[in-house]
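I am attaching a structure below and will ask some questions about it afterwards.
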């Protein structure tokens, strides 16, 4: 439907004004400072320094790879969990308890959680003790300070986002489609693959994009769990802002990450969306 | 001969509401069965039990003698055309139709060829590439039909497949459906709430009411010899004329005073509006007559119905064409009815 | 007298598709108008323009002389029964119905009482506490109706309100709707694709096709004197008999050879199936006759239709009752038609 | 009287600053102290952002950040007249640029060898022990995100006698290290030691003795190469709204009582002359039992800050990737 | 059946994965040792006592909660009209506006935090509750938008029309029909928003001060130097408080957002 201009203006004025004042304007400041040299002249040197250096591309690759894997694992873990909650759990009290269990971990502080991870996944942690006790491994397996560790930590805090979005999408699917598929002689597993999954895709893509974006920009979790041995892009940015104090370079790093992520997310959204508003 | 489908005393209850009550039904191969009944009588529920989406609380369902009561839907040799179509919105029309064969292991080309064939059968061969939402309601319904018949099931369940179509298209689809059914030899169970549709299409009609089967019979049986007042009223417009006991072994029509052999439990007899005539001059000997006053004239297409008050009773008299509109409310007329056409209603 | 509703040359275009094309219509207070037409012809679009959900691209809409073309829906003294029901899923049935009065400032108890009354009118007095999704399709539709009439609007728009109901209930609702309409003096614009429904209920019928109004008239006008082939075919089953020019000033029926006065642009004439009779022995003088072979016999309730092939043309002959079933496909018969009953179709 | 806003660190540091300086100050002057808790870098960021209208009067910041703050022009000179106790302060703890005092040390702390006494019976004698194969995957040293990270590189550069200005050998050696983690906060190091994730590594004496005090099997050793140290410094904020109270506060921090208190609580090596501490505490001071400020390896922060960006960058490229 | 069983296994394993660290944290908060230990050595509540004796923790709890609440409410109030506009209408710049409103999601918070501090001090907004609030609103709004947008379907539109047809003004329609319909999205989006705000360190850290400290920033600063059971206790309290609040929310407005939609 084409919009009556006044309605549109009424609806969009407050949110856009707010964003202009408290997001766009500060970000313009950042963007400007990214093209200013120390002496105040305009320069593209910061960007050249980033984009012409293989190292930054390596870090970007690590960052996006971790984010992508995080997204993937979140989907693999979150989808069954959402399915379980929406389709399998019949007892409302238990479903609600599960929702609480899923949400509550988000409230814990990263730092305390990282202690939890050390207790669980550390060199002498419960998991390694268990594995060694069972004779599955001789030396403790390293989880912390590896990409695996970062993945475990990121998946942990991002899985709830998938469960909530995918769960909402699942709950909205008309079961008639699944019945139609069953009626056509297709068993549950393939009905899931050919009907349910494609139908939840918009919700899942939305959740995946959220997870991907959050994983790309996450700082505290990767910083704590990398043990300083893996660098993701947000750490480079944080470094510039908090210990090197090169705000111009830091700004250029930020804008680079923002733009690249937005491009990726937009492309993914195009693929997943498909549905246009009425 | 073993029936294709046997339903044996199936009951289904929803939270305190008895949706199906000991339903028994047997259907032969290639039959066209219409399931007729008022809204909420359990038609969809029965269909869903047959298709396997609901498990009956009691009773058994057999296909060719094999008990499938507990079998999941995807193990049953039947297909459904859903009331809401339930076309997969993310697949093209052709993919929707090819879905069944593909999942059954048919190769891509072969499945597409069969889909094209099925689409041709419903007159949509050119729409294969479109998405379902780009079709009109009637076209969507035909796609649902194509999708259900492409697998050549033994039994096809159709839940009000024509209810969203306009009359013209519905008539065309009725004829096409009947042709398809005859050509493929598939048995159809066709839910409808339109008794004309049921009569035009079905070999046998099953009339349901409040979770029970009231009558099963050919269209003519159901129309001419309804087993209950409910069926008489549900299938067309009946004249229900009260009777009273007369001399031993006989009962008398309240309106004309004509007499009939006595039958236990009969409080009224039925005559269809087309069985009644207006009499000019002396009536033939086999007609019982009664004087009356025209109350209302309703002309609907080919048939004009006169509502004629004869004492306490208003009789409906059907006449062909609109010529009857020459009669006006208030005219005095004589209604004649052939006693042999009367059907006693047992209560 | 000022009409209740005037539609003046209203046009509406959707992304390249002309859904309404300069539609003109005037409706008086208390009229019962049926809007009849095939799927996609613009019925819903016209209704939505009247209700205020769509703004016409061109033209004006007036209620009692006041231009309401730009008024928002909630300022228009009319209500709508939606095709998709649009019941509020989070409210009980009673709250759905009480919604209108409540918004108009009626107190809680009073609104609930009126809701109960309206629900009783549609036979759902006991369902007030349920949520809409716990009702069957037909029940939902009745709730939508109750919700729309509870406010006693001047004009009620109904978009296929009875299409999901079974015949019996539909008949009851038709009569009830008509009573409600007459009792409350509300004007109804009633969208339907069922021409029998339109004829049974409406004072006037508006036939639409492809965004245009084809004909406006009483049911008898529309049925007996359709303005176009489209109307003839859409409203009931016509026999369209081709004509050819004969001696000057005359044209000849292809089937019987009977002659008619010549009229410009006429390629065929229409006779309704009930205008045709089967002739035994010598036909009366005013009948044109043609020999034919019975192809098919369709008995639907009171009317049996015979499809009789006379050369190139298949003629439909309607007869009352099922007695005609004595005729079988293959029987040779003589069809008779009264020339005065023929209606020329201008193309 | 308005409250004085003092920026200091979190955890046991903040507790100690409160008990040793703020409380006596409040008792003496009646001015309450409002702590602005944050790490040195965050404090500096705040000072920079509110240069024009500061809300903080006095700020504790670490060596290194202190120089940056001075360069950023957010500091007010501390004068002898307004802070009489400067006279009692060891000269190394008075930081001047262009003749004016921009910072004053309130106590030294060091980064020494910390180890788990259950796993390691003999106290390690050399920094090179970190490379022993038996400690593989259980070693920790600071990352450049920690304020000691870059200085530690300088320290290693010095003890390994690397060529002047050339850090390549240092990075080459660190590359061979098999760490459990490179910690970016003192807390993270403590966490690693208390969970057993690290059994040996560099840690601050403040943190290590805190763990020991809590009863964990931890030892702190000053190896033969010595330890690197720095200090927590007090600064007067330029245009401080409560300047007089701020000066009085700094003066309070430089009393022998405050200095001794900090030594007892945080094991900070006193920057005030002639402070006596218990024998028990003396053992835990950054310079060990017998030493003094003379024994500490104190960096020239100007050098460090000049190379900071470059070293961080090299570290990122060489060390912090797998 | 097998698939169902597998899903059950995966789901329960996932739940265990989510719960285990919580067990460690709560366990560690009960230890009698002065350092973090798991399994706890001895059981005591003394660390909770330490917290409750320290008014700065209590006030940080209050600040965090108020901030998260305010940010969530403002974000909801701003996101609903925005999503109505985005879902209902096609207009020039629609895509751009939608990307703009979503982009805080992909920005490292530290950038926005520093930018806001810099920009905020320029307009006199630095280091106040308002400064924290606007930053939090910006970063949490995408969560609400993402959750609400998919619920504004054409079917939903039909209900609005029905409401207006029955004489309800747009405002009445919004509160009586739209709001109840998108409640699920608002609740789940609002919950994510609340959480994101409650746990934020990177953005808040630049704008907090002594009088205005949030729990995560306070903890972050604390653990830079010391880690002891008090912080586990803080987390344990947060866990319990969060669980209680969620249960309360559930009782008040119903969080049944994951319950399967039942067809008639």
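Some notes on this structure:
Read from first to last, the chains carry the letters A, B, C, D and E; within each, the first residue is number 1.
The working rule: a residue touches a chain if its C-beta (ideal position, glycine included) is under 8 Å from a C-beta of that chain, and two chains touch if they have at least 3 such contacts.
Everything numeric in this text was worked out from a predicted model, so none of it was measured.
Between chain C and chain D, the least number of touch steps comes to 2. The chains in contact with chain B and with chain C alike: there are none. For the pairs A-D and C-E, the count of C-beta pairs in contact is higher at A-D. Computed centre separation for the pair chain A/chain B is 56 angstrom, with centres defined by C-alpha atoms. Annotation: 36 Å between the Cα-based centres of chain D and chain E.
Centroids of chain A and chain E (each the mean of its C-alpha atoms) stand 15 Å apart.
Listed for chain E are residues 36, 114, 118, 220, 223, 227, 263, each touching two or more other chains.
Contact of a single residue of chain D with at least two other chains is seen at positions 42, 45, 187-188, 191, 195. In chain C, the residues touching two or more other chains are 136-137. All chain pairs that touch, listed by label, are A-B, A-D, A-E, B-C, C-E, D-E. In the complex of the two chains, the chain E residues touching chain D come out as 33-37, 114, 117-118, 121, 126-127, 205-206, 209-211, 213, 218, 220-228.
Looking at the complex, you find that chain A touches chain B at residues 174, 176-177, 179-188, 190-191, 194-195, 198-199, 201, 274. Per the touch definition, chain B reaches chain C in the complex via residues 36-40, 44, 83, 136-138, 163-169, 171, 193-196, 199-200, 219-220, 223-224, 233-237, 272-275, 298-303, 318-322, 325.
In the complex of the two chains, the chain D residues touching chain A come out as 41-42, 44-45, 68, 137-138, 143-145, 147, 179-184, 187-188, 191-192, 195-197, 308-309, 312, 316-317, 319-322.
Chain contact summary for the complex, chain C toward chain E: residues 51-53, 72-74, 78-80, 82, 84, 86-90, 99-100, 103-104, 133-137, 140, 147-148, 151.
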